[in-house]
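So, here's a batch of structures to check.
The same subunit A turns up in both complexes below, where it pairs with subunit B and then with subunit C.
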Partner chain A sequence: MVRFFTRPFAKRSRSAYRWFDERTGSTELVHKGLYEAVPEKGGWAYTLGSATLVLILLQLFTGIFLLLVYTPSFTEGWGTLNFLQTNDRFGAWVRGMHLWGAYVLILVIGLHMLRTFFSAAYKRPRELNWVTGALLFFLVIGLAITGAMLPMDQAAYWTLVVVTNIPHYVPGIGDGLRQLWRGSDFVGQQSLTRTFAIHIWVLPFLLFTLIGVHLYLLRRHGEFGSWVNYTPATADPEKELAERLRRAEPPYPTRRSERRWAVPRRTVEFFPTQLFKDTAVSLLFVTVIFVFGYIVGAPLSAQGNPATLTYVPTPEWFFLPLDQVLLLAPGTDLIFAGIALIGVASVLMIVLPFLDRSRERQPLRRPEVLLPGFFLIALLILLTVIGANRLWNL
Partner chain B sequence: MSTPMSRRRFLVRLTNAGAAVITLMLSIPAIGFLVSPLFQKRTVSWVRVGDIDNVPIGLPTPFVVAMPIGQGPPGPPVNRIVYVVKTADSRLFAFSNTCTHMQCNVHWDPGLSQFLCPCHGGLYDLTGNNTGGPPPSPLPQWIHRTLVDPGTGHTILEVQNTFDESI
Partner chain C sequence: MLAAAPPLQPIPTSNVGGSIAVAIVALFHVQIATFLTGASFLIAVSEGISIARGDDRHERLAGGLLKAMAYVFTFGAALAIFWVLFVLLGMWGTFFIALTKITFWPFIFEAGLFLTEIVLLYTLYANWDRLRAYRRARFGLAILLAIALWWQQFFIDIVASYMLTPNGGDTNQLAQVLNPTDLPLTIHRTIGNIAWAGAIVAFVAALRYRRAKRRERDVRVEDIPLEHSVGAMSATWYTQADRARALRVAATNNVAFFDWAGTWGAIWAISLTALQPWIGYSFAKEVQLHAYPAWYRMMFGDISTVFLLQIFLLGVIFILGNLYFWRRMRASGTRGVRTQVLMLGFLVVATVLAAMPARFAWTYADMVAAHKTAAWWDGGWNNPIGTMIPNKVIALMVLMIAALVVVTSVVRAHSRGELRWGDATRRSQWLLLSLGVTVSLMMATMGVIREHSRQPFLIEGEITIQGQQILNPATQGQGVPSIGSTP
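Up next, the complex of A and B:
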């Protein structure tokens, strides 16, 4: 023991690390995490998944800090945030980052999905990577919308009223669902308490559980990448495939995959080649959030007033397509039809790998999937633009 | 004759049964708690709106009322609007300004001579009937009654913290 304290520092710390490593296997764990093969081509496109993870962790981090001041109270909640906005520059900055983090996260998770959709990475055996990813997308949207209800300014109060009213249109059980969310027929303190619990516990718990499954599946099957990594480079594709399978590095060859798509032509190590790109892209997004969170920040309108006759409730930008559907469909049946249509589209999106079972991975050779997909995206953008235009002219 | 159960199989069954009982014991109170708001009794109370003698005929006049929620744990009352409407044929209405579409805040628009919802353009006439936009049903009224103030002889309006129809 005495020798431990008399040896030079470098030696001491090395032996301390060895002690720790022998008991925890930390080096092996880090190596397992870092030295994985990933497809060589298209690495910049595959950074969106890790960027999504970074942005979710940023939301967790900034969200925990907001809990240090915010009180989920109908009467006091707004005041706690107003205090941040007027008296605490850093608090307002953290709040700004939480808001801009949510905006960027929605965009990035959308792009991540789009990339996966375009390169058909959801096909066998990665169907459940897609299903968990799609569920994660909806959880993020759920977190964004419940988060928008909490500040108890006018915008938040009216979001709380309108969004908790949507389940009311489900035939039969609608009123019950609305009452369970609100805790009462009318929006009151219980509605905020429940939405707060959903935002900080229920949805994050589901989110992080699913992220665990999503990452486990990613590591089990390996990154698919896209078709460009699998096109044969030689005149004898059969021989080349056999050679690829023979030389495959873990996690390849992908189990339960067709021979043709089991091993990328060339791979690189995750560390440092891919991790560098991941870090660069995450750095870009976090910088945007850091800057916008400070300069633009998060708006806080006047304290929520259920008796206002002048305030015009407007949805967050990511809810504009839904709002536009509500506008276009008059009468109880049509409103339900509109909401049901969005529900059906969401379910179809989640089960996409079970609808598109062809083996084709080349985007240009599967228009039957890509065209409806792009039509849907165009529709979302169109509804957003029409909605934004309507609000602009209000 | 059935073969006797092995010790291993017996243990597996016992383990499963134990886990099932734990799950059940956690589920019963949790699920009951989750759905309990559906079965709680609603406390109905009368709230004084005020003297309505000065409300002009044909012009909806908003009053702000601190309305008890009447359900769940005690919480602060919520300020709500009561639009008092007197018609030429001496009918009295006590409308909420809650749109039946998405529950946004409608207001009386003097230019249109209609109630207008700013969210999706729902319209209602003086007596709350739908005249345009997406709302599926007429403007709800608070359940109400009038009394005469014994001191002044003025008409006092009181409302209940419930609508006359569910929206």
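Up next, the complex of A and C:
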């Protein structure tokens, strides 16, 4: 022990690292993480997944900072955030980053899913990558919605009232579900406590568990998509594919995949080529969040007041399609039908790989999947635009 | 000298005469302008595909559409001048000058974009073949033309939507641009214009196909390149030489080309119209929230029966598209024919339900006045089966989903190379011809509904049709005395 402290610093560091590495295998872990084959073509299209991860981590960090101040109380919650906004040097900025981080995260995860959908990266053997990814998307949406209810200003209070009322439209068990969330028939302290618990414990626990599974599956099966070049270039495709299979580096050839899609035509190491692209794109999004968080920040309207007659509640932008459905479907039965339709669409989205069993990967040859998908996406975008226009004219 | 000048005489017309003149010119104007907007989009798309995939059919279609645009625009521009100068200024001067003052900037931008359109359209028309050597430049010009026309539509939508939902006469520029019905109308029209242009393509292609098929009887183009499969893989691809040969044949052979163009146009028409029930419903919802009297006239008043006609025509559009695709797929013996038959059943039932009157009286007020509000099986005139909510809404959703399945089925057959161009029967082209006519009728009906729902107003709640009286103090200063009312 004495000898260790009498050595020069560099030697001491190496020795400490060897000790640590011997027990944890960290060098091998880093090596595995950095040196793996990824497709050479389409690298920029594959940066959105890692950007999503970076943005989720950013949300975690900004969320921890907010937790240091925020009190989940019906009477004091708004006051703690108001204090943060007005008295803390960086409080408003961090809160703004948490809000804009959520907005950008929803957009990026949506784009990531679109890329996966468009390029058929959910097909065999990557079905579970898609399922976990789709669940992650819904968890992020859940986090955004529950997060919008916490500041206890007017917007948050009325979001809490409207959103916790939605389960009530489910026939039979609706009232019970609403009571379970609210803690009673009406919105109160219990509703906030439960929503807070869901936001900071339940959903993040599920989120990080699924992220682990998602990353493991990604590493197991490698990246895939129709952007990647799989087309044989020689006159004898059969021979070329056989050669590719022979020379493939892990994680290729993809197991349980058709031979044509098992190995990309050319691969590169993840480090430095792909890591550079991932870092550049993630940095771009993080910069946007820093800038918008600082300049625009996060609004905090007056403290929530159940007795107000003048405040007009407006939903968050990502909630607009559902809000339009609620608006366009007057009457309890139709509201339930609308929500059920969205539920069915969500389930269909999750089980997509089990519905689309064809082996075709090229987008133009999969209209039976792409057309309904684009139809749905077009409707969502149009409902958002029309919803935003309606809010403007309120 | 001036004092001795005789007073200007009003144009000898009545409100009815003026309305008829407006109706005739407006209907022509709308059909032409919407075709131009939609066609410019299809030209850009086809030119893009042609460059990306080396598909000569798309180049031929883009060239043909551009020529058609130039001819139609020439006539349409003359009509627009006639419409603005004589009908609107001569017969509805007070209203039109007030409207021009209120929506001054949108009109200015409209005029600027009109000039841009002239420059781009005639540049492309005069140099289409010459620019073949500079495909990307030609593509760029086509995109610019489409953008200019879309903005033109956007600015005129501000005017049209302001007339329906002026939001208490708020003349603020931003409030005009984002008035309650502007974005829904813009989305509705953007989608509708492309669908309309698709229907025209299908109509013209059907006419040409019938003639080509008669002249070149028994011509059957083997448009399917040979498939090369690799080992155990099911996925297939074609060699570049195969594709190029097939596409050359398809582009130069009239039978193959017009068969393809008709199907291509119909696919645009049906797939985009499938979005319209939802967008239209959103539009109507905004009218309900911000111009309730107009909405009431549409749903319960004089126009409600015309509204039913519109829903009926919507169902007919889908049915005609479905019938054509069914016949087309059957002619080539593709998979998915049974799906089309199944969807036909859904479409017919949904159309009947959607177009069913909610009462057996012209208006709701007639039914109430006759004390016949009970259901028809109880001796009244009310028909609960035809209620908007939830029955018609459900029927509209079925129409949307069935139309989507219909289009997906035919595109699927196309994408797998199962449709052989030239197989379509001459008789099946009547379905495309009917589709074009029905879409045209649909557009006319929609125009009638939108314009008449405002009555007795020209601008809802602001300016009346009778004597073009300006009611709202906010717009009072915008008007000028009409020639007819000059003392």
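Assume the second predicted complex is superposed on the first by the 384 of 394 C-alpha atoms of A that agree within 3 Å, B and C clash if a C-alpha of one lies under 4 Å from a C-alpha of the other, contacts with A are read in each partner's own complex, and residues count from 1 in each chain.
To be clear about the criterion, a contact is a pair of C-beta atoms (placed from the backbone, for glycine too) under 8 Å apart; a residue touches a chain by one contact, two chains touch by 3 or more.
Note that this is a predicted model, so its numbers are computed, not measured.
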I'd like to know which partner A:Pro372 touches here: subunit B for first, subunit C for second, both or neither.
second
Could you look at A:Leu135 and tell me whether it touches subunit B, subunit C, both or neither (first, second, both, neither)?
neither
For A:Leu383, using the defined touch cut-off, is the partner it touches subunit B, subunit C, both, or neither? Pick first, second, both or neither.
second
Please work out whether A:Leu107 is in contact with subunit B alone, subunit C alone, both, or neither, and reply first, second, both or neither.
neither
Examine A:Leu327 and indicate which partner it touches, taking first as subunit B and second as subunit C; both and neither are also allowed.
both
What is the contact status of A:Asn305 with respect to subunit B (first) and subunit C (second): first, second, both, or neither?
first
Tell me the contact category for A:Thr231 with respect to subunit B and subunit C: first, second, both or neither.
second
Please work out whether A:Asp185 is in contact with subunit B alone, subunit C alone, both, or neither, and reply first, second, both or neither.
first
Which partner does A:Phe74 reach: the first (subunit B), the second (subunit C), both, or neither?
first
Once the two structures are superposed, pull the subunit A residues common to the subunit B and subunit C interfaces.
327, 329-331, 334
Sort out for me which residues of subunit A touch subunit B in the complex.
74-75, 158, 161-162, 165-166, 175-176, 179-180, 183-190, 305-313, 323, 326-327, 329-332, 334-335, 394
Subunit A to subunit C touching residues, read off their complex:
231-232, 237-238, 241, 258-261, 324, 327-331, 333-334, 337, 359-362, 364-368, 371-372, 375, 378-379, 382-383, 385-386, 388-390, 392-393
Residue ranges of subunit C touching subunit A (in the complex, touch as defined):
167, 178-180, 182-184, 187, 230-235, 237, 271, 274-275, 278-279, 281-282, 285-286, 289-290, 389-390, 393-394, 404, 407-409, 411-412, 414-416
So in the complex, which bits of subunit B are touching subunit A?
34-35, 37-38, 42, 62, 64, 67, 69-73, 75-76, 78-81, 97, 101-105, 107, 118-121, 133-137, 161-162, 166
